[in-house]
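Pasting a structure below so you can have a look.
Order of writing sets the labels: A, B, C, D, E and F. Residues in every chain begin at 1.
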Amino acid sequence: MKSFLYPKINPPSFTWVRPESGKVDKVHEWIQPITALTDPERSKDTEVVILGVPLSRSSISASGASEFPEAFRRSWKSFATYNLDDDVDLSELTALDAGDVPMHVTNIQKCHQNIIDAAAAVQQHFSNPTVCGIGGDHSITAMMVKGMHLENPDEKIGILQFDTHFDLRDMLDNGPSNGTPMRNLIESGVVEGSNMYNIGMHGFYNTKDLKQYADEKGVNYFTLRAARKKGIEETVQKCLEELSSKVDIIYLTVDMDVLDIAYAPGVPASTPGGMTTEELLEGVLAAGRHPKVKAMDIVCLDPQKDTKVQPTVKLGTHVFLTFLTGVMLRQSASN
Amino acid sequence: MKSFLYPKINPPSFTWVRPESGKVDKVHEWIQPITALTDPERSKDTEVVILGVPLSRSSISASGASEFPEAFRRSWKSFATYNLDDDVDLSELTALDAGDVPMHVTNIQKCHQNIIDAAAAVQQHFSNPTVCGIGGDHSITAMMVKGMHLENPDEKIGILQFDTHFDLRDMLDNGPSNGTPMRNLIESGVVEGSNMYNIGMHGFYNTKDLKQYADEKGVNYFTLRAARKKGIEETVQKCLEELSSKVDIIYLTVDMDVLDIAYAPGVPASTPGGMTTEELLEGVLAAGRHPKVKAMDIVCLDPQKDTKVQPTVKLGTHVFLTFLTGVMLRQSASN
Amino acid sequence: MKSFLYPKINPPSFTWVRPESGKVDKVHEWIQPITALTDPERSKDTEVVILGVPLSRSSISASGASEFPEAFRRSWKSFATYNLDDDVDLSELTALDAGDVPMHVTNIQKCHQNIIDAAAAVQQHFSNPTVCGIGGDHSITAMMVKGMHLENPDEKIGILQFDTHFDLRDMLDNGPSNGTPMRNLIESGVVEGSNMYNIGMHGFYNTKDLKQYADEKGVNYFTLRAARKKGIEETVQKCLEELSSKVDIIYLTVDMDVLDIAYAPGVPASTPGGMTTEELLEGVLAAGRHPKVKAMDIVCLDPQKDTKVQPTVKLGTHVFLTFLTGVMLRQSASN
Amino acid sequence: MKSFLYPKINPPSFTWVRPESGKVDKVHEWIQPITALTDPERSKDTEVVILGVPLSRSSISASGASEFPEAFRRSWKSFATYNLDDDVDLSELTALDAGDVPMHVTNIQKCHQNIIDAAAAVQQHFSNPTVCGIGGDHSITAMMVKGMHLENPDEKIGILQFDTHFDLRDMLDNGPSNGTPMRNLIESGVVEGSNMYNIGMHGFYNTKDLKQYADEKGVNYFTLRAARKKGIEETVQKCLEELSSKVDIIYLTVDMDVLDIAYAPGVPASTPGGMTTEELLEGVLAAGRHPKVKAMDIVCLDPQKDTKVQPTVKLGTHVFLTFLTGVMLRQSASN
Amino acid sequence: MKSFLYPKINPPSFTWVRPESGKVDKVHEWIQPITALTDPERSKDTEVVILGVPLSRSSISASGASEFPEAFRRSWKSFATYNLDDDVDLSELTALDAGDVPMHVTNIQKCHQNIIDAAAAVQQHFSNPTVCGIGGDHSITAMMVKGMHLENPDEKIGILQFDTHFDLRDMLDNGPSNGTPMRNLIESGVVEGSNMYNIGMHGFYNTKDLKQYADEKGVNYFTLRAARKKGIEETVQKCLEELSSKVDIIYLTVDMDVLDIAYAPGVPASTPGGMTTEELLEGVLAAGRHPKVKAMDIVCLDPQKDTKVQPTVKLGTHVFLTFLTGVMLRQSASN
Amino acid sequence: MKSFLYPKINPPSFTWVRPESGKVDKVHEWIQPITALTDPERSKDTEVVILGVPLSRSSISASGASEFPEAFRRSWKSFATYNLDDDVDLSELTALDAGDVPMHVTNIQKCHQNIIDAAAAVQQHFSNPTVCGIGGDHSITAMMVKGMHLENPDEKIGILQFDTHFDLRDMLDNGPSNGTPMRNLIESGVVEGSNMYNIGMHGFYNTKDLKQYADEKGVNYFTLRAARKKGIEETVQKCLEELSSKVDIIYLTVDMDVLDIAYAPGVPASTPGGMTTEELLEGVLAAGRHPKVKAMDIVCLDPQKDTKVQPTVKLGTHVFLTFLTGVMLRQSASN
């Protein structure tokens, strides 16, 4: 089976066999693989589009984050579509798994171009999707945003970032790696530094140079300590308010290394003293509720390093579902 | 050596060799195995009775929770009887390890009947015990309560539950598994839905059907978010107050999957965004202090999945000791 | 999608998405899931039929062997259909994944009956299949053979077993567990003790009682030491020769615990001093070549206990492919 | 290469090769190994002196804490010298890695004497150092303090301790093990019980005897529950205030077992219900800011038990850097 | 309960509860703990005496080998007393678990003296025991032999050693560590170098100095390569023949690091290219059959480093049972 | 410190601090880092040159093989220079650690060019070195050979390969990945197919296409089964004999995935049924003894996936030392 987005986007490598009954309780019963659709037209109004971005050879440190899209899909079986906290059922959203961006083994530039093309293709095909990019490492964010920009050149894009790092390293050193996405976007003129908001940095994980570059470019950031003091939800809301006065579209990027390493054994770059799971979920829910947040990604989660019961993979999926809960609450509110 | 409760209850498979001195500092020096007692009569007034319930083949997912009773006993060596927080010494309570319920390899119905029989036998032999059931998976709770009910048919039983799930699945689907104990008790008429209080649910771990069934039956529940807002201790107290106006005996069941998976790598069903250890201990202590709480169990902890230094096994034992601290504080208060 | 063998056999829970090209290089591109077939009739001549048997709650020790059928299917991606050693391409065989036997959570007797029914259904539907049962624990073997017998009551069945144990425990003790399949078959009259040949036992893993029962019933066995002295291949050939003079059909059962524990970290019952991988593969290849070997199973492999790079899961799949290599070599020889 | 402190202190076993540029961004580019210095005189004013103390055969339980000094040095590469939270760059401090105290395999008394000698040698050589002892198990604290006392006999020493235990066990039982350092110091008259402040104890990890001994000797302690109620920072400040009115020098000892075991899988003696990482860092920062805190150690962290991504080793290093951040903030404040 | 060998030997820390039936199938039902015996006199004729020697703080590298005696006893449950390979039932031997040598935390010299005393006490009490020392690290071997010598000063002792190392390091460097036992025995005059036979060395794991010392003292050794060429069994027999012409008693010491590291993940000093399990068992069986082999030990097995399914602990126990099989075969042969 | 080969080759990132005595017993005391040399001229005659090649982002599957050069150097401490099997001391060879090839994060082509340049630089600077390339993944082999060829264009190069795969994949698909090195060399005309000898393939790990390509190009290969039948040493000798009649220089490449996965948990591409450690060491020793073998590499060993006691890293180092043993034996023989 191939998808109508092929060859820009490969269909997912496997699909869950649906139960006869058609009753939807679990996430794997809800999200349709693109290969299951016979009619491309019918798919245009899909509300949520998932795009796997299995690239991590662009990571500074050796990474298996490329395995997350597959692990993510496998994990669906363990999650209900119903969210008890907020009494919403995600299965009321239409959601499509568009598959994975094709990757090349030794040509990283080509991989990056493929991501741009795929992200653009999604914008082109779907009328008003909320796009969820499943990384991969953080280098993909710059490409996802560029692809989005390509199709919507007149819309200003802002970024809300959960991260332990600035990701503003100089691309001259090592090209568009997972340490550079934000700088990449600034330097390419796609996003202005002042339209970037980073929450969660702390400790000894950014050199002084980067901080100075951030200040120069007007990048906004709230350390975890500052965000905790103000309240995570309140901090997110403040960022979104400021952003939404300046941009048309907000892109949410969740670098899982923002988490405390005790909560994220499958994220080698996570650190002691990072966010708790509760805090991250609180932040992501708040972001999902904002009407301008039209895309998000989850990056730097390496399932090969996760411990036996896969706490980090589960958390990655929980982040995704929590974001969509925000989307549903926003839609309900607007109805 | 056999126990006077044999064959309903097997003696523990091993016993700690006591030091000559007789001085009690550690838990393994305090809790007496039932085989060491020559006089059944003398044991009648035992305040705390431990019952191992090594059954987990009734779990929906493959589980080694049947290994917890043995791991629990081995861990005693690492715990003092003295609780510094509350300045009480648990060794002032009399405590007896009654051993394990006999299990059958391929007849789960027989296993369940054996648990009922053993729970009843404990009620029969001891005059006023606080019973601690060490699971095993959650299916055992229905049987423990039924056994208790068998011996005390006139006493109304209520349940306080820490759990990420309702455990109200339909028994027609797969019999009395670890997903059904609460429904089992409702349908058998042993406990009314309105006398069940569940604390700790959150996220995407219960289907909508179950929520609707819960509402129908009047099952009470506080999501983790709600409980945190009110305070864990305050939530527990409120539940106990309500319960104690309606029932004679309160049974506390601690499904360890209520915990955040970062705190419980040995509980595969635990989830991201669950309770912290601190919160669970706070809740269990409050429960132990209530005079109507006459039995408890700890379930769904799989030592085979725990990490090297056994954080989850230790936490299971800590939960048990914290509950008994509540019991002692209650007794001191009532003296 | 459902299968024409449903409800006796559930379709596999997921399917690999096929490449457009239709070119077959890897195992997951070769073996067709039953759900992909629109025409049941066309499937009748399938040469190889895979049947998942995800049952391990019947294990004496807590086991996750029920997870092997899914892990087995996932592993296909890492294996070519071409066997360089023997210069054969397995893709010349037609192979069908019939899916999994439906299981019940708390009624093990029902699970066992379902296996019998499914095994019979396979015999009924396919004209002359080589059946590969993917366990699950060893209790399934008795059921697989019974199902086969049900459809072919006039054909005498013999068994070739690789195992560290007799599996002749008394069913009165704990029912039809993973310790009893051979006794089960003897006592039910389906297979005579003298038509059972066991290779690989050693050391301290069988009680004397069992040896005496084996001798009484005429069960044949070669300790690993004896088999090594004679040669593994030669031992297998000798067993098959003897068997084939006495029976119509030979069933091969591979209890992965026959392996040395260094080679099988995912088989908790494997032991120090067991078979090497090389020896087992040599034995299985020889078995596959024999024309009367019409069915086989692989049991007691617990993927949850396997180490990070999954050596045991890979070995399980390798055993399966090696057996089929034998089948192909036999067919080529007979052409 | 040997160091001018040799043979009292061995040089570190390996050194990072410095980049040509001389630019300092990361911790391994900042801290100079003592072997890199050709002029001992020039080193006298070093502000921070690191002393590895690789001894853990004195632990009650088998421990690999002796491996922490090497793991600690290896981890430097992952940490920037710049602290974003407080906008300070640690590289403005001069810091020297003095190497490791020489240890003997079978003579623990000699190991302890070597620590005393090395600690004294540091005091002797450097004019006003902040000393960071990298353990090793907790038995080293008594020796570090004794060595300091030897060179400064007229200065009264007080201790601030983060710990889950009193460490007041009777030395008559098993000599100066990791269970005795505080008693050792009391009994040897080097530190008075009333000048000891312990923060973080809780639960069932100290016998009643020890509590009584602590009370007798006037040892001050705040349980974790009490410290949380008051605020960790406030508790530390209160302890330091009291201490600083009574003593000349304050020695900070961080037993990593004060942490919740979920945060510290590489500390086997850590417990459920202990401190979070955030709390410990808050406490250590406050301690570092106090002008009388002139020495600290980090003990009981066993890298051999840590999980794959080394959360505990990273946390140990983070604690060290956070302490130095306190030192820098204090110096800035005093300028 | 205390033992009549107390205080020289502590009773085992725990005991298995015996089944009512008295029927012996498994090892834990066979070996009696010394505490269960009411009559010291009756015990004098015990054929096999087990002595736990939980010391590993004398190891050069951090080791948890002190935990093996407890892990060894726990593993008994998984082993039958019946050996199918040789058709013997070990339960025909009388076997007693004498418990553990008392250890001191910080005085290693005292630990070593305690081992000497305990080994002597065993010789004193029992009339003609086969002694099995369960280590602990290799330093204990020198002490075990010295204790034996103390009670039998007129009997010449020889040593058969399976090891990857000479264990002839200079005691002046670091005292009687696990690198020195053979040198210790030579220098103390208890065993002559020419009465030592070492099998299994290979590769890059001994410095040239040690080889020269060995040659000087006439220590005999067969590299693994040489032993394989000749045959392991034949090599052992040749060693025993030579030895038995020169000494009265042969002591077998099995350093588990002789194994290939793939077979012994719980022995950190094991190496690539070492013995297979099969080879070691073959060698140990041959040793057990020799009438002059009156004592043995198993050392350097660290259960804390073993992988999940405990292959190394199981192998340690298998070595012990295989040795006793040799003893039984010898006795049968001599009857 | 920088090296005279900089910037083509970075110095090693750390160096072991040498003991004062200058006595060489262990490998880390023997191999000099290039930064320790003040006189480039003096280094020209170095017999053994080590070149780290930390590249694995060119791997088809996510790999951390880039971490092996550092892990390799760290492991030196555990190895003596003396080889007991062959009674040779490697420290009689002069050996230099030239450091690591500089790598780029996102430009793999540049990484590959850097390897070519570095390999050429080694040939240029040293007069007659035996070069040991420490990978990295298998893509590096093509570059190492190309670099060598660049400096010695008139010398014909042949290859001896231990591998489970042909590594002859089409470069058009995914560029010069770890699946292509042999094809790369054939297509670039640097090595003829008929001058390639591959030992160790087996099972289902090569597609039929690749076998056909190999046959077309005259690539020679011995399956593991064939090599075992003939003898590993004899097979290697036969290959070398044939090769040496055709080429001037032989390059040995050891893809660690040739090993059975039980021996190599840190090589995810290793397979069930592969070589044992003993067999590989036997083969490598034989290769080292041949005078035309002037270079070798070790690839595809991923230390991040290794188990706790690092069996695979140790094995990698053992392979290297065994190769050098061959070199020494050859030199001794030729003197």
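Here is the rule we go by: a contact is a pair of C-beta atoms (placed from the backbone, for glycine too) under 8 Å apart; a residue touches a chain by one contact, two chains touch by 3 or more.
On a predicted model such as this, the values are computed, not experimentally measured, just so you know.
Novice: According to the touch definition, list the chains common to the neighbour sets of chain B and chain F.
Specialist: Both-contact set = A, C, D, E.
Novice: Give the chains in contact with both chain B and chain D, ordered by label.
Specialist: A, E
Novice: Starting at chain C, find the fewest moves between touching chains needed to arrive at chain D.
Specialist: 2
Novice: Distance between chain A and chain D based on Cα centroids, please, to the nearest Å.
Specialist: Here chain A and chain D have centroids separated by 40 Å.
Novice: Compute the distance, rounded to whole Å, between the mean C-alpha positions of chain D and chain F.
Specialist: Once rounded, the distance between the two centres reads 43 Å.
Novice: For chain C, what residues touch not just one other chain but two or more?
Specialist: 262, 304-305, 307-308
Novice: What is the shape of the graph in which nodes denote protein chains and edges denote touching chain pairs (line, ring, star, complete, other)?
Specialist: It is other, because the touches fit no line, ring, star or complete pattern.
Novice: Touching pairs of chains, all of them, please.
Specialist: So the chains that touch one another pair up as A-B, A-C, A-D, A-F, B-C, B-D, B-E, C-E, C-F, D-E, D-F, E-F.
Novice: What residues of chain C sit close enough to touch chain B in their complex?
Specialist: Residues 56-60, 62-67, 104-109, 139, 173-177, 304-305 of chain C touch chain B in their complex.
Novice: Considering the complex alone, what residue numbers of chain A touch chain B?
Specialist: My answer: residues 25-27, 79-85, 87, 89-90, 262-263, 277-278, 281, 307-309, 311, 314-315, 318, 321-322.
Novice: Along chain A, where are the residues that touch chain D in the complex?
Specialist: Result: residues 201-209, 211, 223, 225, 260-262, 265-268, 270-273, 305, 307 of chain A touch chain D.
Novice: Any idea which chain B residues touch chain E in the complex?
Specialist: 1-2, 6, 11-18, 20, 33, 35, 304, 308
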